[in-house]
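The data blocks that follow each hold one structure.
Heads up, the next two complexes both have chain A, just with different partners, chain B and then chain C.
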Partner chain A sequence: MHVPDGFLDAPTSVATAGFAALGVGLALRGARRELDERTAPMAGLVAAFIFAMQMLNFPVPPSTSGHLLGGALAAVLVGPWTGVLCLSVVLLVQSLMFADGGVTALGTNITLMGVIGVGVGWLVFRGLQRLLPSTPAMVAPAAALGGLLSVPVAAVAFTGLYAVGGEAAVDLSTLLAAMAAWHTLIGIGEAAITALTVASIMTVRPDLVYGARAVLESRELEIRTPADADADTDGSVA
Partner chain B sequence: MTRDKGGVPRKRFFVGFLLLAVLLAGVVSYFASGDPDGLERVAGDHGMAETEKEHAAGDAPFADYGTEGVGNSALSGGLAGVAGVGVVLLVGTGVAFAVRRRKSTE
Partner chain C sequence: MGAAHGHRLYFHAHSPLHRLPGHCKVLALVTFVLCVVATPSRAYWAFGLHALALVGVLVVSRVPAPFIVKRMVVETPFVVFALLLPFMSTGPRTDVLGLSVSEAGLHAGLTLLCKGTLGVAASLLLAATTEPRDILAGLERLRLPAQLVQIMAFMIRYLDVAGAEMGRMKIARESRGFQAKGLRSWPVVARSGGALFIRSYERGERVHLAMLSRGYAGTMPSLGEVAATRVQWLTAIMLPAVALSISLAAWGVAA
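So, the complex of A and B:
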């Protein structure tokens, strides 16, 4: 869903750039609460993994393809603020190094896939965590549903931007229907990849899944003094 | 110290995760679908593509996930993918360590 240069007019692109800058600015502050010595390497790895997965276009019949956006995945693995930073880094590198996603559209792409993709993915995930039984087994399905919804929502948001500042004369209701339909199909792939990735990491290192912290903490009813918590930088049980 | 409740050691997990990303971008990407993605499809079907401008970085050495000067398409795409994983990892890790909580200040 990488918007190229020339789709949206200059005022709209300036506005989305401002919105994206605000989002990244807030994320830089918010990520401080999510990242420590132990989880910081995870953020770089999640960004690299999402970059790799975004290269893997899966077929969406007929003769169309889709790829992971990774907003829900990033939010659940490293936290929503850090997730926005991960997606922003991916989109920046893709645009400047691989000519994927316009340079003037970078703010639009960070808005759609970074802020909206991560935001919707995380809100759906957190909402489901409150509704579903609080068990580690529910983390991956909740993340998958976050991924499933984040893709069509981002597609509809693009249509909204196009309604405001699209360069071509396009029938908007047709555009909305087409964007929503294709990206609902792509969302199914997003859900599958998100579920598989989160479930795999939950199997080997659940303590490195940000979205599982609430579930895991409720299971470990150990009493820790602040000194213990500080010394325990590696998550190991003392 | 790095082992947690009998799980995979943290360092080994990180190395494995990175190797997976390298494998996906460097090798599996060759088998990815070449069909237009959802937005490209809609843009082509409904007229948005007409106003698309050429990319400012279109002449970059890794533009369009190929490596300049490498004829073999599997190698060209694979090298570009691995280079991308490396750059994203460096920038992402750099940002994460720049904003993380520091133990000494708490």
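So, the complex of A and C:
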């Protein structure tokens, strides 16, 4: 999924770098609202977590494998702005220290996986939260759909960039269909891992899930007195 | 912590390339790769010259070639894409080894392969000759927002910790008879992922408190402003300058 050098021509690479810089700049401002002065250590640790999670591979049918991109997962866990920062730093480290994704394609990669991946994941998640009942049990399914859609949307955006700055005369509708179909399969894996991970965190530390804050706050404290408990059990107290 | 010093891609040596300040090398890498990307397609001789220039730098760096070559597997997915391009593309067909492929696609695939390989090799050379803290200091010097440099510093510092944590959970799972097979293993692996997130987040909170107790007020001390001398800049600029002239020559020939 990491775009290498030479995939897109130089002007397109420079343009996406500008877009990515804008997105990261906005995220730097927004993250201060989500994490205040804790931003650096927290986002750094979450970036290390995303990096470790990306090493989990899952099989995609014709005997290949995909790995988690983590855009929707990061957005739901730590908020969209911090999520964009985490993903961008992960991509920066991967390109400079692991040669994974080209240096000139860094802007493209941040645009696709950082800005679009996290953005789509978050918007779908928030949209679903409005539609679905506001209960903690609905957080994981909403995150799953965010993950499911974020991958093919990023792939379609890549096809769009390829149409503008691609080097080969590929039949665009074929490429679009292939990319969308292939990445929908990867999206299903992404959705499953995202949902299962979010669900497991919701059972242990729901307070850490940024996307669940509104749901948790809307819960009302219910105080049960012994009299109520007696009434519940029909007065048959042993 | 049992984490190794430096990172897996760093190759310890004393060469002019190792001694160059990080910001010179990062800037040289980006300009070199930009020149390679801007080289017109089908100019295979130009890619050959670019590769030759890179091999020259490799010799100067004293990094053994197998060290770089072995790590180039990272580009495998794109080799697959580049090999598929001739079959996916449109336009006039031509015969290669008895297969009918698109001529434009064939050249696009080969060009992509050249550019991608040069980019990966150059990035690997940077990683092999620059320690993470020098890359960070270089990025700071190149005026990357301080906040971003800090996040990156924390990520790099705790990368091995998170990786090791995951490794321990894997050992714990497997010593209880778990095998990563099929769909049924996913919830188990994802639960480990959830545990990893909680541990990472809580570690982040502890790190932040430890920093506060040592007087952290939102900014970190500078990573060391290493100024580059004129000679160092001239050394660093050599590779991009060669690449630029190759690229310009290729455009001249193509025109």
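Here is the rule we use: the second predicted complex is superposed on the first by the 211 of 238 C-alpha atoms of A that agree within 3 Å, B and C clash if a C-alpha of one lies under 4 Å from a C-alpha of the other, contacts with A are read in each partner's own complex, and residues count from 1 in each chain.
In the analysis below, contacts are C-beta pairs under 8 Å (C-beta built on N, C-alpha and C of every residue); 3 or more make two chains touch, one makes a residue touch a chain.
Remember, predicted model here, so these are calculated numbers, not experimental data.
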Should the superposition on chain A be reported as showing a clash between chain B and chain C, or a fit?
-> clash
Examine A:Met97 and indicate which partner it touches, taking first as chain B and second as chain C; both and neither are also allowed.
-> both
Identify the partner contact of A:Ala43: answer first if only chain B is touched, second if only chain C is, both if each is, neither if none is.
-> both
Of chain B and chain C, which one contacts the greater number of residues in chain A?
-> B
Pick one for A:Ser13: touches chain B only (first), chain C only (second), both, or neither.
-> second
Given the touch rule stated above, what does A:Tyr162 touch, chain B (first), chain C (second), both, or neither?
-> first
Once the structures are superposed on A, label A:Ala192 by its partner contacts, choosing first (chain B), second (chain C), both or neither.
-> second
Considering only the touch criterion stated at the top, classify A:Ala52 as touching first (chain B), second (chain C), both, or neither.
-> both
Who does A:Met179 touch here: chain B (first), chain C (second), both, or neither?
-> first
Scan A:Leu77 for contacts with chain B and chain C and give back first, second, both or neither.
-> second
Clash list for chain C against chain B, restricted to 24-32, 42-50, 114-122 or 240-248, contains only 114-122
Contacts on chain A seen with chain B and repeated with chain C across the two complexes | 1, 4-7, 28, 31, 37-49, 51-53, 55-56, 58, 85-86, 89-90, 92-93, 95-100, 102-104, 167-171, 174-175, 178, 204-205, 208
Per the touch rule, the chain C residues reaching chain A in their complex are 7, 9, 26, 29-30, 33-34, 36-38, 41, 71-72, 74-75, 77-78, 85, 88-91, 102, 104-105, 108-109, 111-112, 114-116, 118-120, 122-124, 126-127, 132, 135, 145, 147-148, 150-159, 161-163, 165-166, 186-187, 189-191, 193-198, 200-201, 203-205, 207-208, 211, 218, 220
Residue set of chain A touching chain C in the complex reads 1, 4-7, 9-10, 13, 24-25, 28, 31, 37-49, 51-53, 55-56, 58, 77, 85-86, 88-90, 92-93, 95-100, 102-105, 167-171, 174-175, 178, 192-193, 196-201, 204-205, 208
In their complex, what parts of chain A are in touch with chain B?
-> 1-7, 28, 31-33, 35-49, 51-53, 55-60, 63-67, 82, 85-86, 89-90, 92-100, 102-104, 155, 158, 162, 166-171, 174-175, 178-179, 182-183, 185-186, 204-208, 230, 233-237
Chain A touches which residues of chain B in the complex?
-> 1-5, 7-8, 10, 13-14, 17-18, 20-22, 24-25, 28-29, 32-39, 41-43, 45-48, 50-58, 60, 62-65, 80-81, 83-97, 99-103, 106
